[in-house]
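One structure is given below, represented as structure tokens, and several questions about it will come after.
Going by the order they are written in, the chains are A, B, C, D, E, F, G, H, I and J; count residues from 1 in each one.
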Amino acid sequence: MLYLARMDVHLPQDMPVVQANEIKAREKEYSQELQRQGKWQQLHRVVGQYANYSIFDVDSHDELHEILSGLPLFPYMSIEVTALARHPSSIR
Amino acid sequence: MLYLARMDVHLPQDMPVVQANEIKAREKEYSQELQRQGKWQQLHRVVGQYANYSIFDVDSHDELHEILSGLPLFPYMSIEVTALARHPSSIR
Amino acid sequence: MLYLARMDVHLPQDMPVVQANEIKAREKEYSQELQRQGKWQQLHRVVGQYANYSIFDVDSHDELHEILSGLPLFPYMSIEVTALARHPSSIR
Amino acid sequence: MLYLARMDVHLPQDMPVVQANEIKAREKEYSQELQRQGKWQQLHRVVGQYANYSIFDVDSHDELHEILSGLPLFPYMSIEVTALARHPSSIR
Amino acid sequence: MLYLARMDVHLPQDMPVVQANEIKAREKEYSQELQRQGKWQQLHRVVGQYANYSIFDVDSHDELHEILSGLPLFPYMSIEVTALARHPSSIR
Amino acid sequence: MLYLARMDVHLPQDMPVVQANEIKAREKEYSQELQRQGKWQQLHRVVGQYANYSIFDVDSHDELHEILSGLPLFPYMSIEVTALARHPSSIR
Amino acid sequence: MLYLARMDVHLPQDMPVVQANEIKAREKEYSQELQRQGKWQQLHRVVGQYANYSIFDVDSHDELHEILSGLPLFPYMSIEVTALARHPSSIR
Amino acid sequence: MLYLARMDVHLPQDMPVVQANEIKAREKEYSQELQRQGKWQQLHRVVGQYANYSIFDVDSHDELHEILSGLPLFPYMSIEVTALARHPSSIR
Amino acid sequence: MLYLARMDVHLPQDMPVVQANEIKAREKEYSQELQRQGKWQQLHRVVGQYANYSIFDVDSHDELHEILSGLPLFPYMSIEVTALARHPSSIR
Amino acid sequence: MLYLARMDVHLPQDMPVVQANEIKAREKEYSQELQRQGKWQQLHRVVGQYANYSIFDVDSHDELHEILSGLPLFPYMSIEVTALARHPSSIR
């Protein structure tokens, strides 16, 4: 099942650069592993913002929440999730 | 270049069913032709709403506006467009 | 899987009473059949509004969208859907 | 009487982990005791968010406010409460 | 139990004056009967708007919804209800 | 003249408990004195929130602003004021 | 006492021009009479909108509501009223 | 002086095509005359919407309001105007 | 030319009282000088809020921005500016 | 391709003046270099706010995101980007 997620990141402005970089490195690794598994199907940057739109393909709400709440940046994010159904005009 | 578009459809409640069906049939044909061309890459229904999230891959703002304003349902839609850039963590 | 749905109904003020009553009767029958099947688990009126909060238990996004878009009142409703995951403190 | 409550949690980002865990443990115990009493009928996680939707069944506004304001996480929450009436189409 | 309700009235601009006056007369009678019963405790006009803030004292959510949905102007109103609890600093 | 005021309190999360309690005690005393004078006619807790709806009966805008800006909790509050006129259906 | 009012006008698009002009003429006369009385102290057009910001100086909420609800354009307006107090830095 | 204006057009869906085209033709002529005069400096389509962002260079608020309220499409538009000052980093 | 400005002040809650008072004193002096010059024509307190509505009469956008950005409280304010044109019904 | 960007700056109130000035100096230099290259076509101050509206002319979404995320003030900004297409009435 597909879900659209919009994630906005708000790092504390007093977070040391070293700590921020370490979190971002773990986030990247975590994200890329899920992309390779096919669960995180798409990941796009919103132009001009520290934010992304992503499409996930997972088996259940619980699986998606586990993935999202496990993001290294999760404590610094606000996330909006939209459930996507098949569109009758889609050729896929 | 990629764009995310959210389209919400509001058909007038007094539109005759025959007219509505004719517009929807043209919309479907129009959409599927663009999907086959690779310009309308994704088309998903928002669960519970007469709305969709779509991803377009076109060469310019002008091309996207020409596509969207040519939709048979365009006069009955509100559309929000978001420009998408490459995300540094994307594996694509 | 569970979903929370909020539905707000806006019947056209010039709809004949007979037509409105016929739609509402079909809506009631449709809703109660789904309740008996266990798919529409809860249905509550929002105090002071022609609106409800409902909880659905279905197998997929597609199944929920099929149910919601088949509501006799669907053309007159705005619906917001929220995907619900298991809460770690729930005793159920 | 039934109430829907949506609770969003915003822990300060500089709260020590030990303190946060202690509050969450008390929150869980408090919540589960109320669930066992039948007052906190449902507790669901909003996918992708540190938030929940809950349904309470209590005797009065005062009782609900006492319960909510006694939550260990109450100082870190924003809560929206909606009064729910019986829906004429509900089979319960 | 006390509830605050804000009601905004939007009569269709093409409603005949005779019909509007008849509805308003029934609304007034209906409201005053409930005021005399002590259920509709306060009724105030919002300055500059066809709207009111009211305080109700009723026994249950269901009773309040029955009162509000029975208002002759109900089909033309949007209503927001807030549950009110006892305030610890109130001297009443 | 009557005014409806909604007050939301946001105490800094790092305010020492002793200081918070001292401010709240002064707030209570201040509020109850105005209630006894008949100026602060009603004071209700919003269920689930550190907020209240109040009705004031004072002689002028200036008097109300003096009262509100003198609240011990004023620096930690956001307040919305609505001017209330006599409602033609009120029996009072 | 002073009040700021913002008024937005939404005439029905199918109102005959003759009727619209007649209402506007009465509105102008009504407004200018109140301006001459000193009750409607200021009247400014919002650039680019069929809207105004006005300042009224009247004796009570009831007087202001009587003035506003008597506007010939009142049925076609949305109005927001803000109570204004004396500012301690004002030299007036 | 410069102003940014965002204009959203909402033509009635039952306006005859001939009438709509006649209004749009006059709008185009009106707009292009002002562009040639240098008063309407920029005119851009918002992608996916029947809306534009424009920059005007006029001598006063009154002149801008006269221009905007004279637009043939003005009765069908909502317009938001923002006053623009010189930016200290601008090289112009 | 006239402008309406709404200013909301948000002083940091940990600002020492001495510093706050010093800024406010400079703000008052600054404001009163501009009032005496006729540029800051009106200054009103919003009842119940640390906010004001003001009307300015200046020669250009640049002059207004210079005035507003020079306010001693400017770093702690959010300001919304609305350009005001002559109203055809105004008797001034 | 053209993009409209609105940028709002929120510097931490405890940032030392020296640091703020150093960032602003780099921001100015960065901005002016892009203006000289023709990529940052317009830069306007929003009157009364620490904000700007800008128009960019770049080759791709990626190029714009690279420019914006490289702004020395980027960590302290919220930015909204709107894609602009050619307007059929534009004479340019």
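Rule of thumb we're sticking to: contacts are C-beta pairs under 8 Å (C-beta built on N, C-alpha and C of every residue); 3 or more make two chains touch, one makes a residue touch a chain.
Values in this document were obtained by computation on a predicted structure and should not be read as measured data.
Common neighbours of chain D and chain E under the contact rule above are C, F. The interface at D-E recurs elsewhere; of G-I, A-J or F-G, the pair that shares more than half of its residue-numbered contact pairs is F-G. The distance from the centre of chain E to the centre of chain G, each centre being the mean of the chain's C-alpha atoms, comes to 26 Å. Look at where the CA atoms of chain B average out and do the same for chain D: the two points lie 39 Å apart. Measuring from the averaged C-alpha position of chain E to that of chain J gives a distance of 50 Å.
Across the assembly, chain E contributes 2-3, 45, 47, 61, 64-65, 81, 83-86 as residues in contact with two or more other chains. Every pair of chains meeting the contact definition is listed here: A-B, A-C, A-D, A-J, B-C, B-H, B-J, C-D, C-E, D-E, D-F, E-F, E-G, F-G, F-I, G-H, G-I, H-I, H-J, I-J. Here chain D touches chain F in the complex through residues 3, 5, 12, 61, 64-65, 68-69, 75-76, 78-81, going by the rule given at the top. Looking at the complex, you find that chain B touches chain J at residues 1-3, 60-62, 64-65, 81, 83-86.
Residues of chain H that touch chain J in their complex: 2, 4, 27-28, 31-32, 35-36, 42-47, 52-53, 55, 82-92. By the touch criterion given at the top, residues 13, 45, 47-50 of chain F touch chain D in their complex.
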